[in-house]
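Before anything else, here is the set of structures, which you'll find just below.
Paired with subunit B in one complex and with subunit C in the other, subunit A is shared by the two complexes that follow.
Take a look at the complex of A and B:
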């Protein structure tokens, strides 16, 4: 039982963590919580199944096409749902616009792809039982993504520009950084990461149009737990969420596990409103 | 010319008499208009697409044979897209503007719940195949007749198979978290307990839950000898079957027809994972141990060959569509009228009406027309031309 909790808990936790990172990546350059993050995850599974299983493309080519398609949808989100409302962030219109785009994506997928879950291909056919590929693949992809992002943000000029925009938008612009282009690039990156989450968890979640709202909800929890904008916090929060959710499935079962998850979430936020790893908000006086 | 009151009264009476005399002549030559509320597009369109093939086939066959007492059958279809609001609009259009003589459908319970009362107020003869029990109530809806099993009949068939043929006295009952899944699982648990069986595990599982191991482990630990499924979620069913295989457990799955859906076949990791899965089916559309359909169904399949594609649909959908049109046509033929009360009165007298899908019997107090004994269990992985092999134990 413990092995099963660990295997599937870490796997779904890694998927939630990647969705959390998607939220953070979009938030960093725009200060917008885009509710398309879960839909990008859903599309990762659908595109993976479409390219590899339906069209019969090699896995690596399918992965690259999926990344490109999700990145494109990330950019479209920025153009359609984020850019028009950036000037009035305090009115939180982005909630409406990003939810509208999320709904559009979901309905379009339902019409074109179908409303029944469809299979996702086995990519390596390595492992069985609790060591099955569907359990370790999301964890590996999550680790690779985190390492890649750390490298990007710490060692590359573009990554440092992202960080600069995230730290102080006005100062970065004053230094001549192309804020709009960087924001578009960050949405493309977020699209790719979101797609990667769905691709990594495709064998667990299947290629299913209704996965979007599920990933939106459960992907948001690591962000809130780990602190907005904190990728390491999102990973720890995501993995903890996955493990707790799976343990709750064993202990209390079915629908009560969701109740247990959200109860704990509320308790944590009451105790640490800024998230477990977020810094307390300071106010200049 | 002066119009007097007497002249006006006489003229009006004459016109009324002339119209009254003309009506029967018109009614006897006009087409028999059958309203067909079909969810032809949208997420739950597969059944309606199948039913529609039967409806069109039956109408063409009747018209090719000269119609009913010289009257053609006209099918008036409205695509409800599975949306109760659209079904309500289409029903009102059929009653008020199109003036149909009877309505077939809707074919899903959500839409039917929305339109049944509207049809009852208009006294519209209605046949439908929806399973929700409350849709048939002769006191509130004396116009509504069911030509498919009710939920209770499904439940009876599943329970009977578990207790008498699988000989499982300890069962696990699993539904999804939809309204249907919760109510069907609760009803199933109560019925099993009433029959003296032990429900060792009951759960409502979120259909998107990625890992079914916890529930399957609990069911096994509780000693379940059969797992009863009440869900239309093919993803959830396939995950449970895959988990059963990983656990090396050969417990039979018995329950909802969705378990025999082709989607489950694409989602199981190996074809063997779909073995020992018995879904609700119908004797009229089941192959026996020799691989033969009942003679009347075989005759129908022969007639359908080359005209109706059965490879991507279910035979009972097509057969039921044919039966619905035939039931309306036969009522007009027998009564010599497409008068609504006459059609309803005729249906109330039917005993073992030989349809292709089943032998229907209705009375003034019972509008559930499908025979319970014809609801059987099928081997879920045995689909061939829309029909299934009988599950083991039927001899």
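Take a look at the complex of A and C:
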């Protein structure tokens, strides 16, 4: 029992953490939080099921196609919903534009893919019980993603340029960094990570058009708690949220567990609006 | 003499405009009333639904359109109202309650939960608030599903049956139209009151709003109560229209319809969102194949509106602000009007700062500053860039909290870091870059200065009771006087973002004068003005101080400073380099070498 709470908690927690990282990756280069993060997760599941199960492609090809498609949607988000409103960031128009794009994606999926949850393929058929693939796969993919990102940010030039832009956009531009191209690249990267989240959790969440808002909400909680742009906070927050949710699920029942999660989220944020590991707000006058 | 006649015609014209503004609402109401006689039952149902949605959206409009809070999950309160009414009327949890009483109780529940849903907005930033309302919307539906013995779970329960004569299709339509008309009236009352102006100020110029004493949390809570109650009542009416409700009826798509109707309508308008509601409800009905794509369509509309016409329908209908402004208009302040405006606020109190220290990181922006501003005196604060002039103003108005040191006004201590109580102490200010409410008229911008003097309660404003109307008239007259004093009486009705930079500077001064301040802090008021305008500004500031107001003037124009100041303090690197009369400062050796130049 404890083992199954741990297994499912860590699995959904890893998915939430990946969505949290998706939020952060987009935020880092644009200071924008996008409602499309959750939809990318939804698409990861739908594309995975479409390519591998419906079209019968090999898993690895399906994965690569899914990553490419989600990266493309990330770039499209940047062009349609982010770039036009960057000039007046303080008006928070991005909340509306990204919400609109997220809804377009969701409704298009609902109409083209259907409104019923559809199965997601088993990829390796390794493990059973609490060691089932659907539990360990998200955790492994989350770990691989984090290692990959750390390598990118610390060891590669492009990654360092991302960090520079996240740290100080103006200074980075003054140094001659191609800010716009890097932003597009980061949205492509975010798209791929978001898709990966849905792909990793596909066997748990299924290929279902309505997963988007759910992932939006549960993926945002670790970001809010861990502090914006803080990937370490997002991972810790995501895993903690997954465990808390599954434990509450088990003890008080599914519906009241989401009430518990929501209440906790609001209380923590009201107590610490910057998140538990976040930085203080900037000067206003 | 000429001033009184122009005021009178101004008010008369305003009355005529108010009637003209009322016409579209009356026309829409008339259409609603005749629908049962000309249309079939299907159209009566649609009209009823529009009326019900509008009851909710009229309240949401204050939250989204006026206060700028992105509440995307208002279906939560709609659901709450529908279930509360139905459960009480059916007697699932209590003895059965008469339908109208149940509706009233639902309204109260909506008011309470309106605040609960809104609470995060008091501390959280926009996206956080949007997400938290989204979370709330999903949870309410889940509770409705789970709490089977009360809500009937997925099977649902019957909606309340209203007593005669509202139990027929036409009867219900007329009831809903009455509710819709009433909510239009009360929300329009709030929108036009000092509460409505303050909401827009909080949305577009929160820093300036604080300086005029507007407390955002109190204001938002009042609006959340109203919007929550309206949303829940709308939900109750909806349950009655549906005759049977299940959680499926309250989708997130419905929430989007509410939210997008406000944005399509345009911020800060009542008619726009009403038209938005009608369009969004009718559109999928007249084009049946669109029904499946309706949410897709709403989303596309939202994107187009935000990117292509941020003003929404309201901006299309705003013919008045499309007329070109008179070219070559001049700002002609009337110092005599200043005297009538501020004269009786004179106090003997002195505003004094002692040993103020404030650092940003490792930089000491203010390093042990002592300063005294006396009533009726113009005190100049000059110094090179980065010497701490504006920072000093920000410490006085509470935006920065100094590490050590104290501020006194008369016998009272000014609490450090409390921005919203400065207006009550009689301290008003302007900003280096004018902080304006671009979408409000110049007159409304200036009336913001009078917000804290309002005594009529939210409820009195809601119902437009006599005390509220009297206050509004007084405020408007005083704002017109303030605008005449600074010389902007030719552009009172113009939207503020259409003014030139120099006019905005004078508008900010008018807003500060509206407070009839004991102390006026001016942050580089002459920046960007022409020589002639600076001369007029000088006369204006003199008139203000002659009325007994103490003026603290931060400026780079040395001529202006030496021309009008009674006392000058020179700052350098956060410390006082010199202080004295303009004559002494002008010949002070260090000042000349550090700042003025030989």
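Definition applied: the second predicted complex is superposed on the first by the 277 of 285 C-alpha atoms of A that agree within 3 Å, B and C clash if a C-alpha of one lies under 4 Å from a C-alpha of the other, contacts with A are read in each partner's own complex, and residues count from 1 in each chain.
The working rule: contacts are C-beta pairs under 8 Å (C-beta built on N, C-alpha and C of every residue); 3 or more make two chains touch, one makes a residue touch a chain.
Remember, predicted model here, so these are calculated numbers, not experimental data.
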Clash-or-fit label for the pair subunit B, subunit C on subunit A: clash
Touching partner for A:147 - first (subunit B), second (subunit C), both, neither: neither
Which of subunit B and subunit C A:129 touches, first, second, both or neither: first
Which of subunit B and subunit C A:119 touches, first, second, both or neither: first
Which of subunit B and subunit C A:4 touches, first, second, both or neither: first
Touching partner for A:267 - first (subunit B), second (subunit C), both, neither: neither
Partner chain(s) touched by A:64 [first = subunit B, second = subunit C, both, neither]: neither
Touching partner for A:95 - first (subunit B), second (subunit C), both, neither: second
Between subunit B and subunit C, more extensive residue contact with subunit A: C
Which superposed partner A:80 touches (first subunit B, second subunit C, both, neither): second
Touching partner for A:255 - first (subunit B), second (subunit C), both, neither: both
Clash with subunit B, by subunit C stretch, listed 145-153, 253-261, 343-351 or 415-423: 145-153
Contact residues of subunit A, present in both the subunit B and the subunit C interface: 214, 253, 255, 258
Contacting residues of subunit A [partner subunit B, same complex]: 1, 4, 8, 11-12, 110, 115-119, 129, 201, 204-206, 208, 210-211, 214, 246, 249-250, 253-255, 258
Subunit C partner contacts - residues on subunit A that touch it in the complex: 33, 80-81, 84-85, 92-93, 95-97, 99-101, 103-104, 107-108, 111, 213-214, 216-217, 220, 224, 253, 255-256, 258-259, 262, 265-266, 269-270, 273, 284-285
Residues on subunit C engaged by subunit A in the complex (per definition of touch): 70, 72, 119-120, 123-128, 130-132, 134-136, 138-139, 142-143, 145-146, 206-207, 252, 256, 263, 292-293, 295-296, 298-300, 302-303, 306-307, 310, 394, 399-400, 431
Residue numbers on subunit B that touch subunit A, as the complex places them: 43, 177, 203-206, 208-211, 213-215, 217-218, 234-235, 238, 246, 261, 263, 266-267
